[in-house]
Amino acid sequence: MVPISYYIILSAILFTIGVVGVLIRRNALIIFMSIELMLNAANLAFVAFGSVLKSFSGQIFVFFVIAVAAAEVAVGLALIVEIFKSKRSIDVDQMSSLKG
Amino acid sequence: MFFAEPTQSGFFFLAPWLEFAPVIGLLINLIFGRRFNEITVGTVASLASGAAFIVAVLLAWSVAANHGEVVRWYLAEWIHIGDLQLDWTFRVDSLSTTMMLVVSGVGTLIHIYAIGYMHEDVRFKGDTGRYPRFFVFLNLFIAAMMILVSGDSYMMLFVGWEGVGLCSFLLIGFWYELDTLGQSSWANSNAAKKAFIVNRIGDFGFLIAAFIMFWNFRSFQFDQVFAAAETVAPGVILAITLFMLVGVAGKSAQIPLYVWLPDAMAGPTPVSALIHAATMVTAGVYLIARSAPLYILVPQAQYIVAMTGAVTALFAATIAVGQYDIKKVLAYSTISQLGFMVAAVGMGAFVAGMFHLVTHAFFKALLFLSAGSVILGLERGHHHAEHSHHTEKPNRGRKAKREEHHGEARTEHVEAFDPNDMRNMGGLRRTMPTTFWLYMIGTLALAGLPPFAGFWSKDEILADAFTEGFTAVYWLLTIAAFFTAFYMGRQIWLVFFGEPRHEAAAHAEESPKVITVPLIVLAVLSVIGGALNLPGVHTFAEWLEHTIEVHAGEFVWSVAIISTILALLGIWISWLIYGRNPLKVGQPDPLKERLRPAFTGMENKWYVDELYQAIIVTPFVKLSQFLADVIDWKFWHDWFHETVIVGTYNWVSNIALNRYADQRGIDAFANGLAGVTQWLSATMRKIQNGFVRSYALSVLLGVVLIVGYLILK
Amino acid sequence: MTLDLIFFLVLSLIAIATALGMLLSRNAIYSALFLVLNFVTVAVFYLLLGAPFIAMAQITVYAGAIMVLFLFVIMLLGAESLPKANVLPWQKPLAGFLAIALAVEATFLFITRARPIGDILAPADTVNMMDSLREMGMLLFNQYLLPFEVTSILLLVAMVGAIVLVRKEKRV
């Protein structure tokens, strides 16, 4: 019997790693992947709770999250491609035109 | 609204028309005067004054019909504050109707005279547009004088008192930019100012008396004051009467406030006649007569009043001896005669005083107006002389010459010619006969020769002085009577006899009828006026008895004979000096060598004006200058204003507020605020570095903080 | 130490290791592949938790489609590696610190505040879960129909968006 909290802790750790990835890496694609990791961690938490509570709602939710994540990735990558076309680079540090 | 107590028979309801008639006259002339021709203006004014006279006649008749009962006719409410209840009420009794008759009667005659006089005067002075103004002022004077004599309380009297003072100022300074010679000068306006200011000093005394009266009696109304007079300490009454004497001295030209009257001769002659001979100056005498119940209570005040009058009479008479100006002689004569009147009412001889007031009005007006006729004659003669010099035309008929002159404007006279100076006259009885005879009648009346009016009234005063035991007064007045006869005789010889001492006198002409006819009326009155109060008959005394407590004077033969002899003596001595050897051109006055220091004194009015100038006027002017320059300008303005107030203000606004509060305080704060904001924004701007990573970091920071807060909660 | 626990620990280790590998790789391809591994691990977790459908969906969609897409783009853009960074030097330490702080906070929260709500099902109980699929289908099309439809529209929009974004500008 694995206590639920273990899963949650694992989820937290994965999430944190994802956050660090967003913050530290300069490659836009890596950042994007880190975001996916974060989503994944959240999904894990959902399913864990759904399992404990013996409800399918968690799984349904994860289903939707995955669908949305897919859509988001599609659009996001298209954007990154566009940015690459103009900037010739996907280093986010170079996309700082909005500085004040 | 009105009441006549106790009976209603008579014309008392006409009383306000005493006022309104002259006011309407003056308003018509004021508004439309410019469009009327001169005759119309004069006629309107004379009709207004005449209407007042008719009302006065009717009122007098009504009083007589009511057996002399006092009627108080209420017109309007004036001031009702607390204890002070003043109404505009007309007091119609025998005393006030007497004054009304004199004022309006003589006034109307003078109005008619003035039509002719001013017609020539404005042409000699060269300003015909000023003609209507004269009549406006004259009517205003009649209105004010009517208020004075018909007032039922001391305050109403004072309103008229002040009003006639104002009219005196306006009329004396009628030719305000000229002097008597017609040259541009301050002289006339100075004379007007002098009259007003000296009168004001008198008014001050009157006001003090009025204040004391109100303080003690809580009323100004005559009946109430007289009724309450006996209930207070005699010291109060003494104070009131003595302060009133100050007012009388101012208005009726007694010592020490007579100095304005000779200067007032700067006004046109009708003014001198009306205001400064017949009516305004007698207001003081009227005041004392009206206040008889007060004066009777304080014999000490009576004595002072009587002595003031007597001394003034003698003093002025001596000055009149040494004057060369024909009007100045008459002015000092007026002061002297007013002294007689004041002495009379001071002694308690109210009948004698009022009687002399009436007769004096007749013959003094006659004398002044005749003097005016003489002056005009000289002016005409002067113009003819100039004219014949300039144009060398042959002598034409008198009528033609006069018509010629009426159209001319004033020409520049080469020499300054004083038409008033008796030394320029002489021999006028040939060229101006009517005026000469009228003047003679006036002179004889003034000198006090029987059977003229002046004899009866003056003699009654002397008789009363004698019988009442006012010995000093009697002797002073008798000597003054002698001098009166002397200087009037001197005047007659100088003006009408001998040879003309100036070509103006040689060419003088008689005055037109509009001038001489009123004079004739006055002359008749001067002759028969004595009938008012003949000894034994005492009509006037009975008439006045209804109002004041009087007793008829007795006729003392010795007094009468002495005064007549003195009058004849005076005329005879003057003939010896002036008539037998008429004065020649350039010859100094014969009395000069004989009474050298005395005559110089008389000639120079005993230096009273110079004394006043030195003691009062000059220090006052110096004080004003000191106050103005040092106190006001240097101290108040320069130091207090500039240094203290303005300096402080400047310091406060510039240093304190501007530099410290505003610049270093508020500006620093505001600028500092801006600076801080700038620094803050400059610093904060660095957060927007455009790097997504740092933005994400801030999001994470926020999340950590919030979760931390939730944990700690 | 039951078998579940050991299994769980091993799997979690792998998950964390792959996540870290994704994070720390210099080469983007390596990162993507690490992430694929991570997804697969998480799929196994799903199986353990009795969500077979989700596990399969995870592998199919996430690992199969999304990560392939990622790899396509990485190779398209030639973005395997990037030059060295020389801006924001303070970023990394601060980020690390904050992340650890977050982790600590989260752990703390879960340990101290979480009420015991039960244990996970044993894996043995998850074998016969064919019914679960039907159950899920019923749930999806009855209760969650609206989100389902909206999601389909969302996917449509995403598709259109992606196409529009990469379209060449027409010169008119």
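Each chain carries a letter (A, B and C) given by its place in the written order, and its residues are counted from 1.
The definition used in the following text is that contacts are C-beta pairs under 8 Å (C-beta built on N, C-alpha and C of every residue); 3 or more make two chains touch, one makes a residue touch a chain.
Since this is a predicted model, take the numbers as computed values, not measurements.
Chain-to-chain contact here is organised exhaustively, every possible pair of chains being in touch. Contact tally for A-C versus B-C: the pair with more C-beta pairs in contact is A-C. Taking the mean of C-alpha positions as each chain's centre, the chain lying farthest from the centre of subunit C is B.
One inter-chain figure worth recording: subunit A and subunit B are separated by 117 Å, centre to centre, where each centre is the mean of the chain's CA atoms. In terms of their C-alpha centroids, the spacing between subunit A and subunit C amounts to 6 Å. In terms of their C-alpha centroids, the spacing between subunit B and subunit C amounts to 123 Å.
For subunit B, residues that reach two or more other chains under the stated contact definition are 689, 691, 693, 697, 700.
Multi-chain contact residues of subunit A (touching two or more other chains) are listed as 19, 23-24, 26, 93.
Touching two or more other chains at once are residues 87-88, 91, 95, 98-99, 102, 106 of subunit C. Of all residues in subunit A, only 19, 22-24, 26, 92-93, 95-100 touch subunit B in the complex they form. Partner subunit C is touched in their complex by these residues of subunit B: 689, 691, 693-694, 697, 700-701, 703-704, 707-708, 710-711.
Across the interface of their complex, subunit C is touched by residues 1-10, 12-21, 23-30, 32-34, 36-37, 40, 43-44, 47-48, 50-53, 56-60, 62-64, 66-75, 77-82, 84, 89-91, 93 of subunit A. Residues 685, 687-693, 696-697, 700 of subunit B touch subunit A in their complex.
By the touch rule above, subunit C contacts subunit A in their complex via residues 2, 4-5, 8, 12, 15-16, 19-20, 22-23, 28, 31-32, 35, 38-39, 42, 45-46, 49-51, 53-54, 57-58, 61-62, 65-66, 69-70, 73-74, 76-77, 79, 82-83, 85, 87-88, 91-92, 95-96, 98-100, 102-103, 106-107, 110-111, 114, 116-122, 132, 135-136, 139-140, 144, 147-148, 151, 154-155, 157-159, 161-163, 165-166.
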